[in-house]
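What follows is a single structure, and I will ask about it in a moment.
In this document, chain identifiers A, B, C and D correspond to the written order of the chains, with residue numbering beginning at 1 in each.
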Amino acid sequence: MISYVLRRLIQFVPTIFGVTLIVFFLLNVLPGNAAMMAGGKNRIPPAAQKLMIKKWGLDQPVYARYFKYIKGLCTADLGTSFISGERVTDVLAPRLWPTFKLAVIALAIACVTGIPLGFYSALRQGTAMDTVTMIGAVSGVSMPQFWLGLLLMYFFSVYLKILPTVGYGNGDPKFIILPAITLGVGYMALLARTTRAAVVETLSQDYIRTARSKGISDLLINRRHVLRNTLTIILTSAGLQFGSLLGGTVVVETLFSWPGLGTMMVNSIYYRDTPITQGCVMIIIVGFLVINLLVDLSYALIDPRIKYQ
Amino acid sequence: MQPAKTVLNIDSLFTEFNTIDGTARAVNDVTFDVKRGEILGIVGESGSGKSVTALSIMRLIRPPGSIRRGRIEFFGRDLMGLSGDEMKDVRGNRISMIFQEPMTSLHPLFTIGLQISEMYIKHMGLSKKEAWEHAIEMLEKVQIPSPEKRVKDYPHQMSGGMRQRVMIAMALSCNPELLIADEPTTALDVTIQAQVIDLMWQLEKEYSTAIMMITHDLGVIAEIAQRVIVMYAGEIVEEAEVNQLFEQPKHPYTRALLEAIPKLGRRTRMGRKPLQEIKGIVPGLYNLPAGCNFYPRCPEARPDCRLSDISLIDLGIRGRVRCPYYQGAKA
Amino acid sequence: MKIWKIGLSLVLTLGLLGADHSFAVRKGGTFNWIAPYGSKIDTLDPNNSGDEQNGLVTMNIFRCLYRWNAAENKPQLELADAVDISPDGLVYTYSLKRNVKFHNGRQLTADDIIYTYNRIANPDNALSGTQNLVFIRGAMDVFEHKAKEVAGLKKIDDHKLEITLTSAIDPAFFLYSFPMSIVPKEEVERMDRPFSSNPVGCGPFKFVKWVKGSEVVLERFEDYYESGKPYLDKLVFKIMSSSAARDLSYRAKELDANLLYATQYAAYKKDPELSKNLVEVAEMFTRFVAFNPEWELADGRKPFSDVRVRQAFNYAINTDLIVKKYAKNKAYPAISFLAPTTPGYDPNGKRYEYNPEKAKALMKAAGYEKGFDLEIIGTGDSSYGTGVIEVAIPFLKKINISASALTLEGAAKYKRQGDRNFEAMICSFGSGPDGISALMLFHSTKAKKLPNVARYKNGEYDRTLDLAAETRDPEQRIAYVKKANEILQADAPIWFYNYNKAVIAHHPWVHGIQKVGIEHMFQDFTEVWVEATSPRANAK
Amino acid sequence: MDNWVKKIRKRTNLVAGTIVFLIIVFVAVFAPYLAPTHPWDDADLMISELPPSGEYLFGTDSKGRDILSRVIYGSRISLSVGVISQLINSVIGIVFGLTAGYFGRLWDDIVVAVANIMLSIPSLIFALAVMALLGPGLINVFIALGLTNWAYTCRITRSQVLGTKNQNYVKAAKAMGFGRCRVMFLHILPNIFGPILVMASLGMADAILMEASLSFLGLGTQPPVPSWGGMLAGAREQLFTAPWLSIFPGLAIFITVLGLNLLGDGLRDLLDPHMSETK
């Protein structure tokens, strides 16, 4: 087990380099540069743009820039933001916690509602309840986040006046409710449907019939025998979703003025502030790797048939 | 047939599956009983309704299937009248069941110890630790070597025969009055089959448990059953003492089944063949033929067999048969 | 001077208050305001970024030598009490205010201004304001690495500063904007914390905190040089790029004021309550479609090199209807390029009316009766993006121009704009406050500040503009500007779409929101105060 | 035995899903005959932003166009984007996931690494790069959408294979000397199809909505050609002032995704070996 973890950790290195390489060259392909965008609506004069390009080293060939970046990376230096001139690590650090918090709570909402819903509708297969859950799930994924977010904002903030519309509120939990729900609903739908599919598959297994023939209670059958078997798939999709939540919260963050990584990353792409983009991608890849490792390890805990050498 | 001796008495059982394509009568007016200490064999091809009958007794029929009517009397008490919780106390405790597929019938993610312990915890109210010890004991009884080690194994670490032993251990753990074995040996290879059959035979003696042995393997029946019920398309077509059945099969279907076996009687070295040699297939349960269900395949069919439904003829000591022209009938 | 200023602010306040409000200016309270241009603020170092999203915050932390006077629609002296101008108009001697303090307590001196301008001029810093200094003598030398310091900046004493220019122009227009904010050296060069996220200025509000991606919080600077001001205890900029979210926040009374987009403007106009407090201004931004005269059809013809095709385009589209229906009247149909509040704008100037027949005739005369296929690029912006093209397409269809749109993200569009790689392009450009600089956009050789987007080339236009720049007589200058604007209108190198109307809605308890023509979001909060009825009247 | 009866009963989903799907395909194919007006040429600013009425069943948009016609025409883009991009990423994801889980070792490591890289590259960068390298066009939308999301399918498939590959039917199939492809695609795949189908049919909604964000980058459909995602995105700031602008394209997406989910469920039940084995 430990050697397996070590092997996986060593694999992190090529993956991280792979991602930096691909992203670096993809970004290089994009038209335009940061100097063009630095002035917002007030365009920066061409002469000043030239200065910026020189200062940021954008006039050097791409491989030279990449090697410089990698060299920095080896000393844990992610570079400096073109536009603000601050160190990338300083820019990223304050964004991590809000994103993480939002992702965890959204995923928790998704799990707490989605898994039981999926379970329930699998047990009530073919009933009206099942259909309603399915329709709910489909509307959950079909509804764009900005719709849901605005509707929630309208209902809870304007109409009921019980929750604030936007902002981070210094970490006041009241502020996280709406963004987390908005973010969680799509994942809830996905989890509900995935859970249902897995449970339906499990329910038709012979060993569930065996469990029934033993006279143990339905609750125990569902909670122990069925759930255990569906956990791998649920964990996989939850893990994947958590990974994507790290970087995929743009719409919600923008709508709710949430100080997360998502908006920063998207802005850095639009404004071609490539050191920031690279930094964000780095966080996301590390997040993914760690979560996937945890998920893979948990497979082994859940399923004795899976062994890692 | 004194009531005291009867473990199970099934009376006019109908089990159906309702679908948009119509109603499938999987079990159609089935009546029989199981006596204490007896091994009752139920034979039939796939789809003849024997497994559904077994599941009906356990009340494990899942939607869209349902038991339409009939009585399932267990020691004189109708199981159909029990609540869900009361039924759970019967299941595993007083009636238990062994399934066909030892490979898939055990939960792959739990140790066998845990799966056996569940029985003790549920039905005997034992603590986890006590249950665990009982499980080891039970494994020993089903002749699993070094049970205190194997109890921590997961099913995938065991062979098919071992797993079926585990199933038997589990089924017998609460000393049930009735054991339903649904094709317990079909999935096993021949030598293992023999061991498992022997094991059941021994245990039946030790616990004096009534056994309902469901199989399509007449060899197994010949070996251990005392009485046999032959099912076809959801109906009982013949019931007889085992010797009678093999020596004087009455229903054409029974005869066809027996003819498919090279040699009668005890298991031989030649092994046994499945029953694939009867011409035709089991009719679809949605569109059963009028009259005798076996008519299309019956080598002795007569024109009037189609005209009206055939009822089961009680021959007293010679059993029952669903054919007016049965072998030995006074035509 | 000070008295005059207070007087002005009172007049301003009175004007906005109306008759039914008390005159008593109230101190205190928190004001929740917005940063609506995108979901980010990059830096609070004002010299570093020309992005107005950063500027609308920093202009309340910092001060420049000049400040935009919204009421009079021109820049005016801010950090100096007076300025002496030499007869040749080349030497400006400023007497700096003596009571200006930075938020760290130090007094502002001439050194600070010299330091700041040298910082901006230094090419190694690559700051966005560099080009604003080219008119100061010696700035170009610094810019070209020939000198270390700008020669034209001279400290006479702590409170006297002399600036020598290369030509006799009014430096006010170049020195009022936020990238020219004066910064204190000791804070900029601090090593323990980056200035960009710990700004220290001499403006009315000092920096408290910046939750990146969410909000910036400022609080009153007690030692601000205009006594008694600012009135607000706290000023919060919430970064909110979604207009729908802003609308809800405003309705929930979490925002004290809100910048409206067209949809909300129409809705607020209809609402009896919300319509009461709308501050509208004609902003100095002109939206247009630039034609590329060098673009060739497959047969080698260059349709937009023909003035008749360009005019036909202008006649073909019912601009008034688009402004009314699509832009929901949150814009003014454009007559020519210059914005209504820019000197040189002629409200009675000739314009292209909607006349499809004339358009058809012009197309026919130009030999394009059968029309051509045209791809117009633009961003996804709702006011000057490809949405506008969608509305124009049916009109163009009538003169057989089959137009389609291609939406690009900002950088990709700028790239194609710079590479001249487009057939036509919809965009928005500043058309004020100085008419000459604005019209320079179309000067064939001197369009330095920005490339000549429409590749417009007209000798007479260039000459007229040059004359305008050379003359020192303001009347004459305006006449030349007017003339150039007319030439541009007649030549139609662009489709004149509209001038933006910027609208800020505020709650009834808010006072002092001004009409800022250069950019409505550039609100100076020195004068803004809230009544006790504000939900945040006493919030700290 | 009870199972195959169940299988037939389950065809309700299949039937309903097929009907919905066919209706949408029909609408897409015959859009010119079904739409009351042309979705952009007939624009008339005089009738802009009218709420639904007898004349304009779904109302009109801010550019004076009939929303019903645009929803009808929008089905062409949105349906193909949803179905094709999901097909691409399902096929890639299943192939990689199956082989990775089945073969394990180095190949597994490589696939997992590549999938992780794909998951970590923001789709925005990917879309912009596709736009920069390949230019605009619907095919490139399929590429951008199809190639970005396969990693999810891959990871789900892989996790399922890991749990299944040691089961006896797989061992038995291997022992019987079946080829590796046969074992993977005929023995393992049908057993793990449920979650994959769920992912694919729900992912459809994502793809349809994503297409809109691609069109803002010049990659997807360009104005004035309508797509549901684009209509929704264009109306996002008018959710409260003119709700009909977003409700109808939203409903269209919902119905399509629902139909495809029913279809997916139905297909799953049809293919599922647990459902089809007769005893």
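Keep in mind that, in the parts below, a residue touches a chain if its C-beta (ideal position, glycine included) is under 8 Å from a C-beta of that chain, and two chains touch if they have at least 3 such contacts.
Here the structure is a predicted model, which is why all the values come from computation and not from measurement.
The chains that touch subunit C as well as subunit D are A. Path length between subunit B and subunit C in the chain contact graph, taken as the least number of steps between touching chains: 2. For the pairs A-C and A-B, the count of C-beta pairs in contact is higher at A-C. Among the other chains, C has the CA centre that is most remote from the centre of subunit B.
A comparison of C-alpha centroids places A closest to the centre of the full protein.
In this assembly, the C-alpha centroid of subunit B lies 47 Å from the C-alpha centroid of subunit D. Per-chain Cα centroids separate subunit A from subunit C by 38 Å.
The geometric centre of subunit A is 53 Å away from that of subunit B, both derived from CA atoms.
Measuring from the averaged C-alpha position of subunit A to that of subunit D gives a distance of 20 Å.
Shared interface positions of subunit D, defined as residues touching 2 or more other chains, are 9, 12, 128, 132, 166-167, 236, 239-240. In subunit A, 30-31, 126, 146, 150, 154, 205, 266, 303, 305 are the positions where the chain touches two or more neighbouring chains simultaneously.
Each of residues 104, 108, 156 in subunit B touches at least two other chains. Against subunit D, in their complex, subunit C makes its touches with residues 242-244, 247-248, 261, 263-264, 266-267, 318, 321-322, 325-326, 380, 382, 386-387, 389-391, 393-394, 397, 404-409, 412. Across the complex, subunit A is touched by residues 3, 9-10, 12, 109, 112-114, 116-117, 119-122, 124-126, 128-129, 132-133, 152, 155-156, 159-160, 162-163, 166-167, 194-195, 197-199, 202, 205-206, 209, 232-233, 236, 239-240, 246, 250, 253-254, 257-258, 261-262, 265, 268, 272, 274-275 of subunit D. Remark: subunit C residues 37-40, 42-43, 45, 48-54, 123-128, 130-131, 143, 194, 196-197, 211-215, 238-242, 244-245, 248-249, 251-252, 254, 285, 409-412, 414-416, 418, 428, 430, 448-451 touch subunit A in the complex.
Taken together, the subunit D residues at the contact with subunit C in this complex read 40-46, 48-49, 62-64, 128, 131-132, 136, 215-218, 222-224, 234, 236-242. Here subunit B touches subunit A in the complex through residues 58, 60, 63, 85, 87-93, 96-97, 99, 101, 104-110, 118-119, 122-123, 154, 156, 167, 170, going by the rule given at the top.
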